[in-house]
Structures are given as structure tokens and as C-alpha cells.
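Please go over the structures that come below.
In the two assemblies presented below, subunit A is common to both, partnered first by subunit B and then by subunit C.
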Partner chain A sequence: MAVFSPALVVCLHRLRFGLARPHVIIGLALGVLLALLVVAPMLQLVVTTLTWSDEDLRAHPDAEPGAPTAFHWRRVFSSEISRNVLYVPLANSLVTALGASAVALAVGGLLAWLVVRTDVLGRTWLQTLGVVPYVLPSWTIALVWLILFRSPRAGAGVGLVESATGAPPPDWLAYGPLPIVVVLGLHYFPFAFLLLAAAMRSLDASLEESGEVLGARGGTILRRITVPLLLPALLSAFILTFSKALGTFGTPYLLGLPVRYFTLSTMIYAHIVSRAAAGGYILALVLIVISALTVHANQRAIGARRSFVTITGRGMRTRIRPLGPWRAPAAAFAWGVIAIAVVVPLGLLLWNSLMRYPDDYSLRNLTAHFWIGRSDPAIADGEAGILRNRPILGAAFNSLRLSVATAVLTGVAGLAVGLAVVRGRGTLLAKMVEQVSFLPYLVPSIAFGAVYLAVFLRSWGPLPALYGTFALLVLTCTVKNLPFASRSGIAALMQVSGELEEASAVLGAGLWLRVRRILVPLVASGLLSGVLLAFISTMRELSLIILLITPATRTLTTMTFRYTEQGLPQFANAIIVLLIALILVGELLARRLEARAATAPRERGDRL
Partner chain B sequence: MRNLHGWAGLVIAVLAAAVVPGRSPVLAQPAPPPATQEWLKAARLGPYVEPRFDAAALYEQARREGAVTVYSYSSRIHAIGGTFEKQYPGIKVNAFDLDGAEIITKVLAEQRARNYQADLIFLPEVATVKHQLMPRWMVFNYVPPDLVTKIPRQYREPLLARHFSFRVVFYNNERYASPPVNNLWDLTRPEWKGRVMLPDPLKIPEYLSFLVTVVQRADEMAAAHQRKYGDLRLSPGIENAGYEWIRRLLANDLIIAPSTDEVTNAIGRPGQTAPPIGISAWSRMRDKVRRPTLRFEPVLAMEPVAAVSDLTILAIPAHAPHPAAAKLLIRWMMGDEKGGQGFEPFYIEGHLPTRTDVPPPPGMPMLYHLKVWDQDYDVIWKQSTKVREFWLRYLR
Partner chain C sequence: MSGAAGASAPLVELRHVTKRFGPVVAVRDFSLAVQPGEFLTLLGPSGCGKTTVLRMIAGLEHPDEGEIWVDGQPVFSWERGVFLPPGARHLGMVFQNFALWPHMTVFENVAFGLQVRRYPPAEIPRRVEEALASLHLEGLGLRYPHELSGGQQQRVALARMLVTGPRLLLMDEPLSNLDAKLRTAMRAEVKRVHAASRATTIYVTHDQIEALTMSDRVAVMRAGQILQLGPPQDLYERPATLFVADFVGNPMINLLRGVMGRGQGATGIAIGPLIVPGQADLPDGAGVVVAVRPEDWQVGQDGAPATVEQVQPTGSDLLLLARLGEHTVLVRAPKDLRVRPGQAIRLSVASHRVNVFDPQTEQAVPFHAA
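After this line comes the complex of A and B, so read on.
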């Protein structure tokens, strides 16, 4: 027999084993996909802004479509219109996003403290309800604001405040920066609530008690001990809220247009619908740069200090502080927030969906037509109630299948990213996949939609133009939701030791078998939060898909927007209520699945 | 994340080569490409159109096609689809209501991707269809031969126009027994500050076109100012009376509305002491049927013009898969000499058919009784961008 050199054997073995390790193959595949789906579209967008388009021929007959030009950049950055197109909207975007973040952090932080550290009335209920505003579509609270404060300026009726007091509310209360800040803050506070509640739970009360023993006052303890320890959570909540508020389109448009208060996101929309796409893309790039800078600053802030470790091997406890005389005001605050952000919106939406005429709040004006009415030419252009209306039911079906498809795909993608990153930790490939998969988070939704519209309007080699297909919507939503899913995928896989997998590989289990029988059951419950988030955000997605939607792929949210525009708010309101009901049912089903997934592996383990 | 920039740079460098030369604009060509010629021949369109209208023969072909897909700017297309399906059983109407700009975007995308879905488009974006789609042979005109003598040439060439719509100034006729304004310059006066409404011209092209027409008619705007308020003094840097009017309108705290019915609903709401006035579509008069409490009327004694008209056209996109059904639906939508079922949802105050043998809808005066500016679609094509930039500049 020939004698093999031991080194050669080891080499061959490594090669075989390397290829047999799924994370290398998955990492390579992901690298290619991310380059195509994330990096290339961004590049295409940049190229478009530097090129003359067919549309430019209208005003510049000597322009040569396809030739390079700096015209669009000059137009946005240094022309007569720059002030109104870029600088003022930029300032407005920053003001509203910062204001909304401040409101969200204050409300969410206080609520988290009350729920975690005090004996406020109805803690468990608050805990559950505190997340619901995020489930509502972002412009729901904007619509509620209009229902309350609508003045003749926005037409189509009069708000409750004017109905009740007889005097129209002042413009600054009805439209512009203040309502945008409050509405976005109330919509996004669940981020701060969830993150800070989690951080407070793992904060050992003995640290604060040591401060007390040493004679520090309450304010000093808060400033020197509690807040610094919560800083990472605070900053994360800020980043999430700020970026979301920056990119959102529906609320600033509805509440800003009547007083000509434009933000970058509404200017992007105006540019793209008025066929000045290149200008819109440039504004989108500005938004992307701001988001990236914020995330970068956040990492610098956290990276500079390292002593945030609160979970140690030592036992710890949290302290429930009795509120004493403050119990009633605290409960009033907490339940007031829930009322304003959850109960009143849902109640008012339902009421408004039951009105024959939009501006009449009397009882005799109530009708179920917009829910179950048959087509009647005298009402609402002859449109039947939403539960009889085939286009609306079709849109509901589209919303559901889009969200479910996106959720499943992001789950798979999240698992793949997790595998590639965690198992290949330290390698170049792993780093690249981790970083690029986070890029979509930096791109505001409306800009992301604009990029995909620009890219998929045309065919790419054998790939046909995906514009107008359902697949494009799924693809867009999946890539946009990838950052959350990858985060939860990475986090879930970090907890699973590689030895389990290796053991099964030694026992001869193939790749598919290992993924199916070992990894998926172990990480399912960890992945679920990312999947659920993808489901919820896709169900109520508007900014991301408004430019990609076509009649056949119309979703509930785009129908709502259309009816609001058409002055049939009852339909819009009824559809939102339907949407929220569908989301809550979906969430409930997912939670039940989670409960089953959590018990199932354990049972199997017991049998082994 | 920390190394993000380095990595992104690398990936960008690798991909740049693949992406950058990707763009190839479709430019105007002197003749349709051979494939389109073939389709024209088969579809009997363009130079190959039938010399006379034979409804029975067309129905026979259309029934073999089985369906027709129409992109419409108005949701009223669903009602028309219903009557068409009753009249011509066996042909399914797939009707989609979209913004005009969305229709253009979709047709462009379908044509570029050679993924042909639409059989018929129905929209007011005449300038774009004429200047962007037609020169690239992406859209073709079809005039039912029996109607040629009943429609003036300018309304069937180069595109078949079905009806007129009108932008007019509305007022609340509960608060005001007679129109409180009679000159477009009144809208820029202090007494109407914060009380004039206009649908968003960045979003709804008809209102950008309205502004373009005002600029085009700058001399008449100046004369109207002269008649009521004396000589017009242009602000520094303002080119003409049309731009001056737009600038003053914006400076008068104009309220921009997201849609036309936001305007008429705000004006017409009963019980107001200081209702707004505003520009909207005359055809919004139909809302008063839907909500009888609304009180608004157009100002028809307006200087220098009572209404700016625009046309709504019907056209067949190239390579439409169901051309016979599209032709039959065009003929149906053109109606008969009494209006007709195919025209009916538009046979209302605020629209006029282009057919000269059809009387105006009830409540609608004859066109020659009105002071109307017709839009010039060549001017709109060339000037829209300039007016849009002007609008953006003075927006705040």
C-alpha cells in the first residue's frame, strides 16, 4: 500500500471538512446575494443621480440621456431651490426626528421604570399594551390627530375639538412640527419601552442601594448610577427611534402639507411623483448619510466606555419601589399614555369608520355601510363596504401573503446570516456578511423603495424587470427587514454551541439533517422575535412599498392611503381597524407557535 | 460595523464595473421596430386600421381574445367595465384605477421590459403620452372610423380625446349669495390670506399644467390685473404676470391640499363664517349628490378666464395582447349621441364630450358660452419643469 504523508491526510481532511461545514458555503452565497441586493442597488442609485435622464430633455433639450452630469447635485445643493428642497426640509427632518426621539424616550423610559421598578396599578397589562402603538400603522395616530384637531385648512371636515368647542384649533396645534413630533413620539415609544424595560430588569438594585448607603441623593443616584448603566439601551432606543422617524413619510405628509411643512421624506416623495427622480434619490442619499453618521456616533459613544456589564455570575435582584402617594398620579400617567396611544386611536378609528358623513359625530349619523354595505351609488361613489368589497379583500389577502412570505424568508435569511457570522466568527467573510446585512437599516424606507424601483424597472440579463410582480414586494420587504432578522439570528446562534452540530456531523448527519434536526429547533424561539417583527412591519408598511405597488399587488395600507386622499376617510379607518385585527391575530398565532416550539425540543430531549 | 467603510469600498469597487455601463435609454426612432410593425399589422392599428367600423366583426375577434386590461385615471372605469361586460358577454374587463403618473410609469416599465400587460390607457397626461410615449412607438392612436366625422381633428389627432375636464374656482354658495371673487388676482388679496386652496401640483399633474397655462397666458393675466387693479408691477426677478400670480398666491398663505375633493369639501362644508375658496375640478360637483349638505359652486364669471380645460385621452399601448377588445372598449367609452352607457359616469356637470353630436350634460353650458383656456400640450411638455422649479423655489 502506498504510504500517505500525515500532513496530506490532514490537509485533505480539512478541505473535506471545510466544505462540509455549512457556514462557508452559506457565507459565500450570502456575500454574493447581499452584493447584488444591497450594494449594487445603492450604486445604481448613485449612478442615476450623476446621469442625464430622458425626463431631463424637457427642460434641457441639449442633454444627452445616459451621459454623465453633475446637474442634479448642483440643483439640489446649490441652486435657487436648494433652500426649499434640501436645507429647510433637512432642518425640519432633524427637528421632528430629534423631537420625536425625545418624546419617545421620555414616555417609553418613564413607562418602563413604572412597570419594572414600581408597584404601579396594572403592571402586567401595561407591559402588554405598551407594545401595541408599534403595531398600529405609523399614520394611524396622525389620522387620530386629524380627527381631533382637523381644522378647515385640511378640508374634508372638522375635528372633534371644533365640534365640541365651536372654535377651530389653531394651525400650530393642528399641523406642522408639533403634531408631527408628538404623533411620531407616541408611535415609536415602544422601542424605548422594550429596550429600557429589559435593561432595568437586569440592573442590580444593590448598585443603587450602595449609592443610598453612601448618602447620595435620589437625583445623584439617577445621574451617576442609573442613567450611565442604562446608557447603551438609551442610545439604542434613540437610534431606532431617530432613524425610523427620519425615514417615515405618511405622518409628515398628512400633518405637514396643509401648512407647507416639508421634511426630507415628503420632499423625496414629491420629487419622485413629479418625475424628478434624480433629485429624490439625492435627497435619499442625504438621509442615508445622516442615519449612518448617527449609528457611527452611537458606536463611538458606547465603544469608549466598557463598564456596562450588569449580568454577572453573582446573584442579583430588582427592587419594587412602593409609589406611596404617587401611586395614583403614576397610574394616571401610564394609563393616560396607553389611552392616547392605543385606546383612543382604536376607538376613534372604529367610530369614524361607522359614520355616514365624515364630519358628523351625532349618533344618528352612524352606519355600518362602510363595513358591510352593498354597493349603493348614493354612498361613496358606489363602493361596497370593506367586507363585501372585492378589491379590499384582495388587498387584505395580498397584505397577509406578503407579510407571511416576508416573515418566513427573513427567518431563513436571518438563520443563514447567523450561521455564516457565528460559525465563521473571525473570518473575513463573516465580518463582511455581518456588516452588509446591516446596511438596509441605514436606508430610510422611502429611499429604499426608490432604489428598488430604479433597479427593478428594467431587466438584468436573464432576470426580467421585476417591477409589478409580487416577488419584488417580497424581495424588497425581506431585504429591508434583514437587519432585525440577522440580529436575532446571530444572537440566537451565539447561544448554541458548535459541538452539538459537530457531534452529529461525526455521527454522519448531512448538512440538511443537521440544520433541520438540531439548529432550527434550538434557535426557533430566538429567531421568532425577528420573524414577528418582520411580519408586523410588513403588514403596516407604506413608505417602503408605496412606489413599488401596482393594482394587482395592492396591499391594505396603500388602499388606506388612497381612500384618505380621495376623501373617503371612513373606508380608510375601517381598513386600518381590519389591518390591526389581522396583525393581532397573526401575533397571537405566532406566540402560540412559539409556545409549542419552546416545549417541543425539550420533549424530544427527554426521550433521548 | 467598525470596518464597514473599508468593506463597502471594496465591494463597490468590484461591482462598479458591472453596474455603471448598464443604462441604455430608449430614444425616439423614425419608424416602429419590426416587431411592432408585425403587431400593428395583426392588430390592425396605425396604417393598417380598418376603413370602416364593424362592431359585430370586432366583437367576434374580441371574444376570442376574451379579456381587456385598462389602466384608468378614474375609479369610474369600474362602472364602465360593468356595462361593457353586459353589452359584450365573454370579454372580461380588468380595470385598474391609478394616478396618471403611475399609468405612465407602468406603461414605460412594461414597454422597456417587453412585458406587455395593458391594452388600453385612459388618462389626462396628454403631453407625456404625446412627447414621451408616442415618439418611441410605445402607444398608438385609435379613432373608431365611424366617429371620424363627429370629432374635430384636434381632438382625435395625434391622440383620441374622449372628454374635457375643467379646473375652476369654487366658492361656498351658502355663505356667499353670489361669487365673492371675479378675477384670478382676487385670490392674491389680503382678504383671502390663508383661505385659498389648491391641490398639490407636485402630486397631481393637472394642477401643474394649470399653472403652466397661467404662465403661458401671462399677457392676459396682466390685462386682467390692469382692468381691476391697475398696472401690474412685477416683483424683482419675476419674468411675467403668470409667474407673478403664482408667487403672490404662494405668498398669500396658499393651502396645498393632497387631493381635489379635500378642496371642495373644505369649501362646501355648511355653516362656515369664513369658508375658503379654491381651485379644483369642476366634475367634483358630483360630490354634492354623495353629500347633499355640501354647498359649493364654480365661479363662471371669472377674469381673465373661467376655466382651464384639459383633455382625457384613450390610447392603445404597443403590443397590447387584446387589441380588438381594446378597440371595442374605446368605441363603447365614446358613447352615443345621447351620451350613452359607456360615457354615462362622465355625462355629468363638469365634463364635456369631444363628440360634437352629443349635447352637453345636464347643468353644463356649451363650450362657446364659457371663457376657457385650452391647454397647449407642447407648451406643457416644454415648460412644466421650469414652472415646477419656480413653484419649489417660492414654496416657502
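After this line comes the complex of A and C, so read on.
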């Protein structure tokens, strides 16, 4: 020892004692994994865009694959096609994402206010139903929009409106920005609803009452007290909706493409299927930068305000405001939203899946063929109904195993991140793990898919070429869901006082025993919500995996897509209904499990 | 003062232990020896490092320097690179929030340590039942922690600590989460546990009543260091620093500015109109701080004139706020004293009852009757 400098000795000791702590080991392992799966792929993506590839040989025979080039960047940013490839789609992306966020915030905020702060009819039901649109795949309502307003240019005959009125709906109503904004807004409003309802619930009525006592009017109270207190939640809801809408693929594809209205996400897809991947990767990077800038701006804007909404545990009251004469219109609005976002879509989808010809809305056109029919060459190119159709059932199986695997893995990862972050609080390592596990959140889904496509087409680092394997889908979905799983893992572990673990450490319990007998039982129910979220979002995931799917790894979501493209909407709609049914069954099972976990100790205690 | 002067080897010994949290030094060059069977309390305000010391002994924190010995073995040594994990130190610990596992029954909570230490499964129920019985918890084994009262939860925590028969018990503010009445009862319970097990106990608290009533020795801590270590009575009667004088004792001690001087033919300290006769190794005219316990005042015919400002009957006696020159002093007087606010009284204090401090160093200055 004597030959070492004191500083070195200190370092060695730090290392030695640090490694004895499990959260340090977990943190280090996570750090390596995250660097490999999150940070490095992004760098790899950038390198790919700066390199000639085999694909380029078609258009540029003199290109030398593997050699560096700025060609792709020049082509996207400053060439005769830049306008069509980058600037117009970028503007379209921003317009639709902003519009969708505005719709979502308005609808979700109003609904939250009605449910939390007023005596609107059916409050408890609204509270449950207000979340349902989020459970549905994001383009469900887009398919319904097509059923209503479809014109022959989308294939598959005319929509319900044209068939009823005889006049084709105008293009601006059927396709393009307006329907995309409305459809996305109706899909994403549950975020705003959930976040704002929670914030309003934790807002002590006495804060507003003190303003009232001091003589402030309703408008002043709203402007000076209520809105500033809700601002963090408002901003979070906005950011969440905005970045989701930015990265979504299904809706702009279905409702934009027929009129050649491209957003960045559909443009990325177009590039990659037309074997101009590098351009698609650059667009993905643009999307990532925008998303990251928005989140950054949000965090700067909120800053210390985040701590406003605090749960003190003291008796808190929320005041219920009687609506008086407004009760009927308010109820009509609230239930109208639910009807338009949930009931009508499901009804129309089911109806459409039972139609022999997709544009004949009469009752004698009804058939169960697309559900249970045997193969019939006269119908749908001889494809059998979805419950007899092997590829579709295979896709259903794929969807289920992908979602279950993702949910389990994110649960484990969430627990590990929680351990490393909460138990190592204050250390540099913990901060890094927390930050990096949040990174996938900054990457819009379609761009994330593009990143993994770029990286895993070939063998990469210690990993083999995963493209085309089921494992790649699991990996992609797990890493993309990591931010939410980590947050629920961190939140769950925050609630478990370190003393509970220390008490067992003092008694001699090792790491594995502590995790198994103390931590897992205590955090299970908290972690379950994150796991359930991962399951649901993977079941209905399209944007993230659309670029990575191969015929062998098809899921239900990509199947609906294929059938829509083939002009067989009945199949697409039947599959969507099946998918929703599977999601609901999954959620029900999870809730049952959660309820059992929560009541089990009490029951056992009573019985014995 | 059992064991304080102990001839035997200490059971726990900390040698020059330092612990930093980032730039903050929580514990500074800390040395302490605890004798076998002793009940030693670390007393201090929050943030003084007392809990950190306890957690380093338990192995829940890693010191940055120094050595910790338990039972003749180094459990931590910076020099030798020794670190024994908590489980290998064979000690029992009670946490501030009890840290009962909410998903386990009382029985399972207490049995856990035995299972971890691989006691024969057939033996575990008997030992658990014994431990529960010794803490009057019979019949509660199948309850869950949330179905128990605060006092019962506390006793389960004690049972969980005792069941493996550790030689060293560590308690981190175990009573701070109980209401006042229960706390008094649990003080007796903790003392009884200590007396019955004879296990060396290190107890952390910010409550000086707990420290004074339960301990063989008390270490008063501030800013990561021990200011004074000794039996409770020493701390109370002969505080070594102003901080200790101020921190120990309830109701609070009177700290009065005085001047060394010569008046009416005798040397002494002048506190306004009051002269406390006696000598100290200080020049005439030197400013001092005189500490007087409220119960050491004598209300009577002799002494300096004072005016009663407030009378607070506590039931067992009277607390008076009285004006003495420029000072307002707190006086504990017998309950049958008939005084009203505004009334003139005379106050005096015996020279051997006061403690004198240098206001610069805040250290005690020897002072004795002439």
C-alpha cells in the first residue's frame, strides 16, 4: 500500500466498498446496458447517415459503400427535393401535433374539471370511461373516420356519409390535416384528462377560498391562483401529447397519404420502404431533436414549479361546484365525448367487420364471413375469417407473447432502475441511470424504430444481426417502454422506506433474499401499473415496430395495416375489434391480480 | 455508572472515524468506547451526526476514515480495507419508523431473523413465541403491523431485534414516533429489555429526557463531534460547554450575562442587581455567561429584587417569569408559593449551583465559593 499515492488508495477503497453495495452493482450494470441499447444506437444512427451504403449504389454507381459522405444530409436539407422531403412534412408534423395537443388539452381539461370539480351527471362512470380511448390503438378512430368519409380514392368503395347522402364528402373533411388533428386529439385526450384530474384533485380548495376571502373575483382566482397551480400538469400533458402525436404513424398514414399529405413519420416510412434509408434516418434525427427540444423547454418552464402540487397528507378538501342550469349541457358534452371517442368507433368497427361489401350499409349485406367464414374464392381473395385464419391467429399469438415478454422485462428493468436510483440517491451513477433511462422518451416511436433498424440490420457490438427476429421486437418495445417502467419503479421504491430493507440487512439477509422477501412483495402492486401500461401499449403498438416487422414476426396491429392497404377494411376492422378485446381481457386479468395482491394479507390475517 | 470506568475491554470502539456526505462532514474524527453491558446514549439536535454514528456501527454506512471494533474484532478499518456487512456483525437494531415489514405478520416479522440465520425450523416458533411473550405480545402473532397500535408495533420491533440474542443493541430514536404518554411507558419497557438482556445498548435520541432517564452514560454531540461524555447527572449539573448546558434540561436553563467583579467587599459575579459570590480564574471586569437551572433559584427574604411577570402553574410546581434587572429569568418555585404578576420578590442562587462559561470559547470556567 505504501507505494501508492494516498489519492489512489482512497480511490481503491471507494471502489472496493462501493462494489460491496448491491445498488452500485445494479447501477453499473444498468449503465452499461443503457449505453449499449440507448446511447450507442443513436450515435450509430448518426454515423450511418454520414456513410455511403449499398442502397446508394443504384442511384450513385460511383458511391463507395462504407466511405464517409455528407451526401444524404445535403440531399435532405438543401437540394431540389428538400421542400417535399423535409420542410413540408416538418411543417405538417408540427401543425398536426400542435393541433392534436390543443384538441386533447381542451377536451381532456374540460372533462377533468367537470369530473373533479362539478356535480356533472355520472361522474364516477365518466372517470373510468375517460381513460378508455387511450387503451384503443391510436388509429382506431382513423379507421372509423374512413368508414364515415371514405372516398373511392382510398380504395374499398365509398363511406357511410356518401352512401347516405349520395354526395362525396369534400377532401378537406375526409383527408389531410383536419381529420388527423381531430382523430389524434380524440385519441390522446386521456393524458390531459388523467394528469389534470390528478392535479385538480390535489389542489386544496382552501387555496382558492383564501383568494375569495380576500375579495378576488372568479376570473381573477382562475387566472392568478388556479391556472398557475395547474400549470405544471398542463405543460406535462401538452408535452406528452405533442411528442406522442409527433411520432405517431398510423393515423397520418391512413388519413394523409390518399391526398399526399406527408408528415415526418410517414415520410420516414416512405423513405425506408423505398430503400432510401439514410434519408429516413436523417428525418428521424430531426424528429428526435424537435422532441428533445420540447421536453427541455418544458423542464425549463416548469423548473421549481413542479413541487407546487404536493400531497401533504393533511385533510384536504376539493370543492364540488353545482352546475345549476348548465348541468344538462355539461353532461351532454361529457357523454358526447365518450360516445364519439369510444362507443361510436367500436360500434362502427364491429358493424363494418360484419359487412359483405364494405360500401353497402343495408342489413342484408351483413355476414359473419370475416370473423368465422371458411375460405371462399369469391370473397376477399379467398381469405378465411380471422378466427380461422392461420396467419392472423399467428399474429395474435405474436402480439400476445410480444406484449407479455415486454411487460415482464420492463417490470424487471423498472425495478432495477428504481433500486439503482432510489437507493443510490445523490450519487452520480444514480443520476446518470435516471437520465439515460428517460432518453427513449425523447425519441418519437417511429424514429426509435428507425434507430433500431439502422443498428440491428447487421451484427452490432456483442449482439448478432437481430433484424427479422422476435427478440428484436421485444428489445425495442422494452427499451422504448423503459421511461414509464422506470418512473413507476422509482415511485414504487420511494414508498418503501430504506429502513425496511436495512432492517433485514442487519439481520443478515443477503441481496437476493432482500429482493425476494422484502422488496418484491412491497413494490409489486406499484410496479404492476407500469407493467400493465407496457402490456397495453405494446399490444396496440404500430409506429414503433412498423419498420422492424418481417412476415415471420407480424403482429395484429401490422396485420390491420396490411388489410387496410389491400382494400379489405372488414378484415382490418375485425382484427382491431379482436385486438381491443384481447387488451381488455389482459387489463381485467391484471386488475384481478392486483386486487388479489392487495387484499390477500388481510384475508389471511382474518382467517387465522 | 455501570461499566463506565470498566476495566474490561470495550464491546464497541470507534477510533478516529470520519464520514463525509459530499462536501459535508457528518462525523469528524470521532472516537468512543462503549463498555459491555452499558447503556450509552448519543444525544444531540437533528443533523449532529448521531444517527450516522449508529448506522456506521451497524454497517449501514461506510465511514471514510478510521476503525470500528465490535467485540474485539474490526468490523471496519480504513487502513486494512476491512468492511463487515451488517448481517455479519450480529447486532440488533430498532429503527425510527419501526421498519416492520407491512406484508408480513408479526410472527413472520420476528421469525425472519431466525430464518435468515438458519435456525432449525422446528425451533423457530418456540423462540418467536418466547420473544413475543417477553414483550407482552401474546396472541398477536398472526396480525399484520397495520392492525396494531403504535405501542404494539414498537414492541414488535423490539422483539424482532431481541429474538436472535444479539450482544449489541442499536436503537435509532425508537420512541420519537409515539405520543407523549406512550413514550413514558415505552421508556420503562426499553430499560427493562436492557436490564433483562444485559446487551450493550447504543441509543440515539434528540430528547434529553430520554437520555437522562435511561442511560448509564450520555454523549452530547454537535456538528459530528462529542462535546461531553459522562453520566446523566454530570451533564445536568456540570455541563462542559454552553451548548450542553442549553441543550440538556427542561424547562430550559437560564443563561445570563454577568461581569466578574468586586462589590460589597466580596469577589463574585454581578448579574444585574444580583451578586453571586465566588472566585474564578478571570480578570476583574471580564464578561461571563452564568447558567442557572430554574429549580436552583431561591425565592425568599434575601437576594436581589425582582418582579414577577408571569405565573405558570404546572401542577407539581410553579414556573415564574421574573424580571431581574435587564434579564427575564425562569424560576421553578414550590406550588404553594402565593405570588401574582407584578409582585416584588427577592431571588438568590447558591454559588455552587451556578455554572460559569467564557462567552468566547463557550467552555466552562471553574468557579467556586470563596
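Following the convention adopted for this analysis, the second predicted complex is superposed on the first by the 565 of 608 C-alpha atoms of A that agree within 3 Å, B and C clash if a C-alpha of one lies under 4 Å from a C-alpha of the other, contacts with A are read in each partner's own complex, and residues count from 1 in each chain.
FYI, a residue touches a chain if its C-beta (ideal position, glycine included) is under 8 Å from a C-beta of that chain, and two chains touch if they have at least 3 such contacts.
Predicted model only: the values in this text are computed from it and were never measured.
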So in the superposed three-chain picture, is A:Pro228 touching just subunit B, just subunit C, both, or none of them (first/second/both/neither)? neither
Of the two partner chains, subunit B (first) and subunit C (second), which one does A:Ile518 touch, if any: first, second, both, or neither? second
Tell me the contact category for A:Gly426 with respect to subunit B and subunit C: first, second, both or neither. second
For A:Gly394 in the superposed arrangement: first (subunit B), second (subunit C), both or neither? neither
Tell me which of subunit B and subunit C touches more residues of subunit A. B
First (subunit B), second (subunit C), both or neither touched by A:Gly122: neither
First, second, both or neither for A:Ser504, with subunit B first and subunit C second: second
For subunit A, which residues belong to both interfaces, subunit B and subunit C? none
Under the touch definition given earlier, write down the residues of subunit C that touch subunit A in their complex. 21-22, 58-60, 62, 78, 81, 83, 85-89, 91-93, 95-97, 99, 101-103, 105, 112-113, 116-117, 142-144, 147, 160, 164
Residue positions on subunit B within touch of subunit A in the complex are 1-4, 7-8, 11-12, 14-16, 18-20, 22-27, 71, 75-76, 79, 96-99, 101, 106, 108-110, 112-113, 115, 117, 131-132, 194, 197, 200-203, 205, 208, 255-259, 261-267, 269, 272, 275-276, 287, 289-291, 293, 381-382, 384-386, 388-389, 392-396
In the complex, subunit A residues that touch subunit B: 35, 39-40, 43-44, 47, 51, 53-54, 58-59, 65-66, 80-81, 84-85, 88, 152-158, 253-254, 257-258, 260, 262, 270-271, 273-276, 295-296, 299, 303, 357, 359, 378-382, 431-432, 435-436, 438-439, 457-460, 464-465, 467-468, 550-552, 564-567
Given the complex with subunit C, which residues does subunit A contribute to the contact? 13, 16-17, 20, 426, 497, 499-500, 502-510, 513, 517-518, 521-522, 601-602, 604-605, 608
